[in-house]
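Note that the chains are named A, B, C, D, E and F in the order they appear, and that numbering of residues resets to 1 at the start of each chain.
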Amino acid sequence: MLFLFFEAGKLKRLPRTGWLLKGIPNPESIADHSFRVSLITMSLADELKAKGLEIDVERALKIALLHDLAEARVTDIPPTAQYYIDKSKAEKKAAMEMLLSTPRPREYEEGLSLEGRLVKFADKLEMLIQAYEYEKTGFKDPNEFWKVIEKLKESEFYEYFGELVDGLSLHRD
Amino acid sequence: MLFLFFEAGKLKRLPRTGWLLKGIPNPESIADHSFRVSLITMSLADELKAKGLEIDVERALKIALLHDLAEARVTDIPPTAQYYIDKSKAEKKAAMEMLLSTPRPREYEEGLSLEGRLVKFADKLEMLIQAYEYEKTGFKDPNEFWKVIEKLKESEFYEYFGELVDGLSLHRD
Amino acid sequence: MLFLFFEAGKLKRLPRTGWLLKGIPNPESIADHSFRVSLITMSLADELKAKGLEIDVERALKIALLHDLAEARVTDIPPTAQYYIDKSKAEKKAAMEMLLSTPRPREYEEGLSLEGRLVKFADKLEMLIQAYEYEKTGFKDPNEFWKVIEKLKESEFYEYFGELVDGLSLHRD
Amino acid sequence: MLFLFFEAGKLKRLPRTGWLLKGIPNPESIADHSFRVSLITMSLADELKAKGLEIDVERALKIALLHDLAEARVTDIPPTAQYYIDKSKAEKKAAMEMLLSTPRPREYEEGLSLEGRLVKFADKLEMLIQAYEYEKTGFKDPNEFWKVIEKLKESEFYEYFGELVDGLSLHRD
Amino acid sequence: MLFLFFEAGKLKRLPRTGWLLKGIPNPESIADHSFRVSLITMSLADELKAKGLEIDVERALKIALLHDLAEARVTDIPPTAQYYIDKSKAEKKAAMEMLLSTPRPREYEEGLSLEGRLVKFADKLEMLIQAYEYEKTGFKDPNEFWKVIEKLKESEFYEYFGELVDGLSLHRD
Amino acid sequence: MLFLFFEAGKLKRLPRTGWLLKGIPNPESIADHSFRVSLITMSLADELKAKGLEIDVERALKIALLHDLAEARVTDIPPTAQYYIDKSKAEKKAAMEMLLSTPRPREYEEGLSLEGRLVKFADKLEMLIQAYEYEKTGFKDPNEFWKVIEKLKESEFYEYFGELVDGLSLHRD
């Protein structure tokens, strides 16, 4: 268990390289990002449950917390590298190995479940909010911003949280 | 909901002032800390459940994630200041207000529940692990280290996780 | 005396959290701020004396240098937190205690004296200059800027240093 | 006057290169250093006055605050460079020019006055305290530490503040 | 050509993740590392030539300068990740593509040439020197240090530069 | 030789003070800059050779790598200081002394040679590219930008690389 906590400690020290490559001087750590993804997941899952969907909030939270842990081993590889490396494969291998030493592995498997898909949505939404926050302090990369919005609009959860996503682009100007 | 996410964004930018005052140059953010507290809470809660205790893992995770959110408003006030400021009161006021705008407030109330107490234990354990990690890269403050260990030993959860706590002091030399 | 110097050392390590919350990546330390407040106080006090006002420059400088020292204990609590915490009370308590161990305490009491009021003016002017400087490198928060200007315009010292304050808004565009 | 304040702003952004070259990752700024030098000067000057010496505290404070301002133009040149550059000459030229635009230049001339010498002592004492603080968090450079202590022991002010200087080496182990 | 220069610009912003994972707060950038590798390569190649070996110094310098450029696309993946990702393959693909747009690609092919092997030796030597420098400021990881020394000792170039390598371990205590 | 490598290590830790003074929070190191100057020099020199000019690429690369090494001793003195200090003289003295301990000193003398002039061109071009990159993330200083472009246009190499320089100003808007 201690080993898992040390792995998590690495996420505190690793910056999100995507921001670094865009020139953000001291960007957030992967742990910073994971924290807000988990918080967003919590809010969205509770909301979906309140709206009548059958969703396992505990499971969603666990996926959100573990979601980026594999990064502790393969570090944060930015999108431009994905052409060269099959990241998801490497991550899955690392994630699997890591989860084998946690109490009940089957619970955390990400995949096609509703909870896993929600975490993916929360992951992108978090990035959009962060881009919005960096933009407010002077950073500019409008294309990136709209690209993420487009992806969020295509999601099955846009139906429930469209107002939230659109709110960000309105606030922006 | 967006407002809550912006508050969480502040935790990414706020350093843990306790480490700053001790001279750690670029210490972890409050969000960094909250992330690992949540992860530790998850592991410990699952373990306690496996050992037969009746514990609401979802509730524990929610408390862990929200635990430091009040800091976004009052910032991270280090222990030396607590003589002057009734921090817990201020935090509670802020937390309450914040939670009133989240779906189901009653769920998150921290206090005397088993889950709330577990998060407090995880919070201290996280600090111990971080102190251990800083120590490994050259930082020295042995007194601090042992003070936290003492507190963990007095906890009701030491019975279950004593091996983990003791493991850290063994690894250390 | 050594203890006082160690307290001052903490101000070098503590960032001004107000800027952090606004997204400035590596903002000035409290000591950075205190240094320029003291320098501004020196210039303004000399100017007022030259214009015939009866002002104790030494006393003004001492207040400026000690002004933020209480922060070393309660850290830099940003305005948003003041709703929850009676900051000035906590600071005064800390400041009083600290001053009791310095040679002649009565000299440093801040309050309603002309010198104390001048330091308050210099404190706001320094923040305005800093906002102006951050703005020049891309950071944007125009509302904040004008709010501080308004406060400076209401001050009794605007009569003497109006040109300086207005100069900053002219330079700006 | 505004120009002087902008020059002071540069001292906030310039690191003390001496520490950088020794490997301290995010060292103090020149303004950080100047702030504590001024505070130390204040305490020592008050103490000397209490002990019966005739000292102009206001003048000492002004010298302390302006002491490193010339650095804003020539930046912080570390000792190893002094073999190549006649630093004091360049600084004096810059300082003189800067002071010509401040109200009463004759007041600030540093030199052989008691006040000027006290600031030089405070300057070295500050560096010793900082070295001590960096040492406490793991940084090691004992030779440097003792070299500065030797210089302080040779000073005329060691007679008054010997206890303070010796206190630092005792605390150290 | 401009594109190649932008790629190089990314190396300035990307930290060497190996140091980050070991807890070095603001570690060197990949460009920092590449710069010293090139400088070391220059010195070693000149020395080898002086000792009568037939070596193409220009070619060695070009390999050294381009050696880590592929990292700009795949970022700096630390050794722990290499178990999961076939890094050299990905890098080669990226490097090849990049070199196709530079004037004379055949010149830069790294591989089994004497020059390529020398750059590999310089690359490890640079890391050893950096570890030594971090150690001097308090960072501790003796195992790592000796592991790199062992690799250098097995190299064909140890015959020529053994004194240099051994000098580092002597200086160390 | 080891001494030369330690000097180079200082360039990794020293920031380019020109950017610091302009308010860039964590600017590139001198080593970061030197790395890209060397890479640019390599590309330009190869191009000139391909166009039929008689140029010694190895020599150009050596000048580029050593070009800023003198900075390790006198640190990076920004343009505003040059009014006060005869920088080139000090640097030359330092550079000469340093080169006396490297194998064949006469090779590295910078001056009026074609290779030395090309490095000067690459040095300015690198700064322009960096200014462009900082601009893209929000930093603004248009005057600076155009001033460097003007200098590049006056160079003998503009004839060959005019397209590259002009490309940067076109990309910019």
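To be clear about the criterion, contacts are C-beta pairs under 8 Å (C-beta built on N, C-alpha and C of every residue); 3 or more make two chains touch, one makes a residue touch a chain.
Predicted, not measured: the structure shown is a model, and the values here were computed from it.
Think of each touching pair as a link: the shortest run of links from chain B to chain E has 1 of them.
Separation of chain B from chain F in touch steps, taking the shortest path, is 2. To fit its Cα atoms onto chain F, chain D must turn through 180 degrees, a value rounded to the nearest 5. Each chain gets a centre from the mean of its Cα atoms; the one farthest from the centre of chain F is B.
When the contact pairs of B-E are set against those of D-F, B-C or D-E, over half line up by residue number only for D-E. Chain geometry summary: the mean Cα position of chain E and that of chain F are 22 Å apart. In this assembly, the C-alpha centroid of chain C lies 40 Å from the C-alpha centroid of chain F.
Multi-chain contact residues, meaning those touching two or more other chains, occur in chain C at positions 23-26, 133, 137-139. Every pair of chains meeting the touch criterion is listed here: A-B, A-C, A-E, A-F, B-C, B-D, B-E, C-D, C-F, D-E, D-F, E-F. By the touch criterion given at the top, residues 22-26, 137-140 of chain A touch chain F in their complex.
Chain C makes touch with chain D in their complex at residues 1-2, 4-6, 8-9, 11-12, 26, 28-29, 31-32, 34-36, 38-40, 42-43, 46-47, 50, 57-58, 61-62, 65-66, 69, 102-104, 126, 129-130, 133, 164, 167-168.
Chain A contributes residues 10, 13-15, 17, 20-21, 23, 73-78, 80-81, 84-85, 90-91, 93-94 to its touches with chain E in the complex.
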